[in-house]
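There are two complexes below, and they share subunit A, which is joined by subunit B in the first and by subunit C in the second.
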Partner chain A sequence: MLRPRLIPVLLYKDGILVRSKSFSFHQSTGDPVEQVVRFTEWKSDELIYLDISRDNLYNSDQGMSTVGSTSSKREHEAYHTENFASVVKAIAKQCNIPLTVGGKIRTLEDVQIRLKNGADKVSINSMAFERPEFITEAAEKFGTQCIVASVDVKLDETTNRHEVYISNGKVATGLNPVTWCRRLEELGAGEILLQSIDRDGGAKGYDLTLIKKVTEAVSIPVIALGGVGNNQHFVEGLEAGASAVAAANIFHFTEQSVIKVKEYLSSVGVHVRL
Partner chain B sequence: MKYCSKCTYPIIAVNLTMSDEGVCSGCIVNEEKLKLDWAGREREFQELLLSYKNKDGKNYDCIIPVSGGKDSHYQVWYVKEKMGLNPLLVTYYTHNYTKTGEENLKNIGKVFGVDHYVFTPSYKTIQKMNRAGFKKTGDMSWHFHNGMNTTPFQVAVKLNIPLVIYGEHGFVDLAGQFNFEDRPEFTARHRKEHALRGYDWYDFVGLEGLTEQDLLWAQYPSDEEIAKVGVRGVFMGLYVYWDGNKNAEDMSIKFGFKPNPEPFERTYRLTSNVDDIHENGIKDYLKFVKFGYGRCTDHTSKDIRLGNMDREEGIGLVRKYDHVIPRKSFEYFMDMTGMKEEEFFTTADTFRDSRVWWIENGEWFKDNLWGEPSSYGKVHLPKDAWSKYIRAK
Partner chain C sequence: MKVCIIDYGVGNLASVQNAFALLQVDAVVSDKADDIRTAETLVLPGVGSFEAGMNGLTDSGLIEVIAEEVMVKKKKILGICLGMQLFATTGFENGEFAGLGFIEGSVVKIDDTKENIRLPHIGWNDVTVVNGHCIGKGFKNTPIFYFVHSYHFMPKDIGVVAGYCDYGGEVVAMMQKENIFGAQFHPEKSHIDGLQILRNFLSC
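So, the complex of A and B:
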């Protein structure tokens, strides 16, 4: 039997890691690499690392983000270069657990660069909408197991309908998430990273209806993301059908957070890997 | 350089971010602070405190790291007098205390009738750490950041006291680094990455002849030790509405806290950062050297958010104070370390951030909050290191 996975997510924006709210307000949580070390030490099952940089600034001499660890250093860390590949390389070096890297993947070469620098999987979002056959091409070239289709969904409160968004949650596609996830499976995606935009950073729990609908419609694993505010929310996500439960913000703020969540899950009868 | 449209912070300020509308995270978080259910949060904090109270009276209930300042007085008053817990105060004593700071530190144990654990590293080690900290990180007070974020946890682990209570969360308050909703706690990562600027004790072994044994006090307990005692470090300011100005007033009227008796050279506030001679002195001047802003930017941003002054007034104060070289703390440091003035300014120049500073006609230039860029004096850096500071016209 496959054990349910607990997956921390890190968001990288313009040289630093950030806490996100509603995909729009981002606060610094610090250095792009240090937290990877901790998540590995805390025995996370996997790590998802998403590049949400608004512009293509990967060189700290050009960006204005300052983290404690660079503030008193004369030179910036070596991974602050002109591209994201050096960041992937630096984090992969510290990461002894399966690493999924996402953000700004538009070509097979983009996939290859990330895998070559140490990612185990890549997540693809906007490009799957713009050119669905890209998922098939990537799966054929690199294997289904390393292609994660990332799907961002917003709930329209007035109509109570879910809709898929792309481009950092800014552009509506008119797609229904259930239909879209089925299609992604057919195209060759190995997993789905299902994220709720309106739940992001709100700590009110997952969008359980969304998780139920999607997991009933597809047979590939679904990773739930967006809205976790306490330990019980993870349990709810698994009960709604997710194969893996992911969260970003909650893991940043307390000591040995991943270990403590796993201890909790285990105590209520969820068979996570301790 | 971009500046926040509401307060006086530049976007490069430590741990700050800016929204697309040009408002800094500090101002955004402060607005959230005003809307929170503080009564509910305070109840939550009181329940947390009481859950750590010893039933059998055989140990201290918690640790309060104190510097002796206004907020320290307030924390001890709250935990001991208001909540009836038995805290152990812990201080990392730096040899850099001001006279008023020392009086306040002694006052705190006396007026509240609590035990106080004061740890002091050898004077020789502190001399060396002042030099090494300055040369390596551009901050002679690095040892102080380390001590106040390490000693309480060494004591917690040794004496089996699981709860450590800090006061205000500095980075939340100034930079809006975290959300109140997240209730961030103390972590090893927070300590190293934010409080200690990405360095740890082992980065100093071998500098100025420092050995591992000289730095035993600077070593944070292991994950296993922390887990075994179940140590948690919480920030009281996330649960109890924090008003530093009011704390200063209350604590000085009722419990004898003393503000600084004379004006500071680098800021107008007399009640903040009273303890350590370098806090409002050259340690802070070096922040200006690195990033082009100083303590007065911190203080005016806070006071603008609190409604104590408008932005124009804040800008005027920043213009008056941020660049000032604080002679008193400067001479104290030179005397302690035996460093020469030229070495100080040349070393300081190596920390100038090229996103802020550029060189023109052999002088340092930067953008200003009030408009036109201007010169901030002669460049001490050797000419072969100038290239990254020369901007295309």
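So, the complex of A and C:
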């Protein structure tokens, strides 16, 4: 029996890992490589590692001064990496579970560099909107299984309509997520990473309506992201139809966080890998 | 050199190499016939379509040397995911294509007409180990492995099946025929259980 997947999302910004709220506020959560080792040991089913650096800063010394830092500054060891590829290489060495890498992917070469350095999949967001055939080209070249289409969605509360956004949630596209996700499947995406922007960091649970609509419309697996604040929220996401439930903030700052969530899921009858 | 991971232009070779590194086993990624000849064991990784995989092997010019090492000299080989599928006689992904023919059988699409069967089959699935094959030894509990595929191997002789999982029916997960081993899942991405498969392969 296929096990529902539980996926921590790590946000990499300017040399360090951060947590995020509404796609804007970022706070340091720790070392880019060490965290991967920990999350792998804690039986994460997969890791998603997103590069959200605004500039091309890949040195943690610089990074620490650009985000709201926490006590984790104390022992922070600097990673003097030249580029994101070397970060991918360092984390892939420690990560013997599936690793999806996203952020700033605009060319087939960008995909290749990430895969060559040890990523198993790449997630593609803005570029899919700007040039949809890019998804097809990447799927043809690297296989549909390693192309994760990342879709960021915002709910307009006045009209109660969902809309797809790109460029780190800043630019509205006018697209309806259901139509867009169907299209992405046709183009060759192997999975969809469905993220709710307005739920990000709010801890109020997933946008279940969105998950239901999209999972009913596509036949490829959907990974839900955005809004988890407690263990029950994961259960809701799976019940709404997601094949995998992802979260970022809830996994940080707690020892054994992934194991604890899995123990809870197992206790309420969700058949997770323990 | 203990392991030669065959580079024929498809697949995430770094992951496989990283997994052997975790076992402290010397594994080299190579597209050179000499390395395939001198290595103690071979790994044929691969992701993507059957056709692309066979084209990659053909273009690399390595089919002859692999066939000689595996079929004549009986060198151990582990096919991973598409790598295992390429051992088949025929692949039916977007057409009909000849495979390496190391294990008689065909590669066909998973039946996705049943409810809740989404393709690709992505994620962690329990594998029922078939006794009598050393590739599946050493598990106290039912092992769980990470799968990513839409097509599966249907061997002519079911005696080569070393393990299967349930996804809309029985899906062959592991195979063993003499010196030829296959994993439909990704042992290099299946945490502790996956490393056990790599260990088994080396010690079989």
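Here, the second predicted complex is superposed on the first by the 252 of 274 C-alpha atoms of A that agree within 3 Å, B and C clash if a C-alpha of one lies under 4 Å from a C-alpha of the other, contacts with A are read in each partner's own complex, and residues count from 1 in each chain.
By our rule, a contact is a pair of C-beta atoms (placed from the backbone, for glycine too) under 8 Å apart; a residue touches a chain by one contact, two chains touch by 3 or more.
Model, not experiment: these values are computed from the prediction.
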item	value
Which superposed partner A:R161 touches (first subunit B, second subunit C, both, neither)	neither
Touched partner set for A:P221, first subunit B, second subunit C, both or neither	second
First (subunit B), second (subunit C), both or neither touched by A:G118	second
Subunit B versus subunit C as contact partner of A:H252, first or second or both or neither	first
First (subunit B), second (subunit C), both or neither touched by A:Q35	first
Partner chain in contact with A:Q145 - subunit B first, subunit C second, else both or neither	second
Doubly contacted residues of subunit A, that is, touched by subunit B and again by subunit C	none
Residues of subunit A that touch subunit C when the two form their complex	1-5, 40, 43, 45-46, 89, 92-93, 95-98, 115-120, 142-146, 190-191, 219-221, 243-244, 273
Of subunit A, residues touching subunit B in the complex	18-19, 21, 24-31, 34-35, 38, 41, 61-62, 64-74, 203, 249-250, 252-256, 259
Interfacial residue positions of subunit B with respect to subunit A in the complex	2, 11-17, 19-20, 25, 28-29, 137-139, 142, 175-179, 181-189, 192-199, 223, 226-227, 231-233, 290-291, 350-351, 354-355, 388
Touching residues (chain side subunit C, partner subunit A) in the complex	10, 12, 14-15, 18-19, 21-22, 47-49, 52, 112, 118-126, 144, 146, 148-150, 166-167, 186, 188-191, 194-195
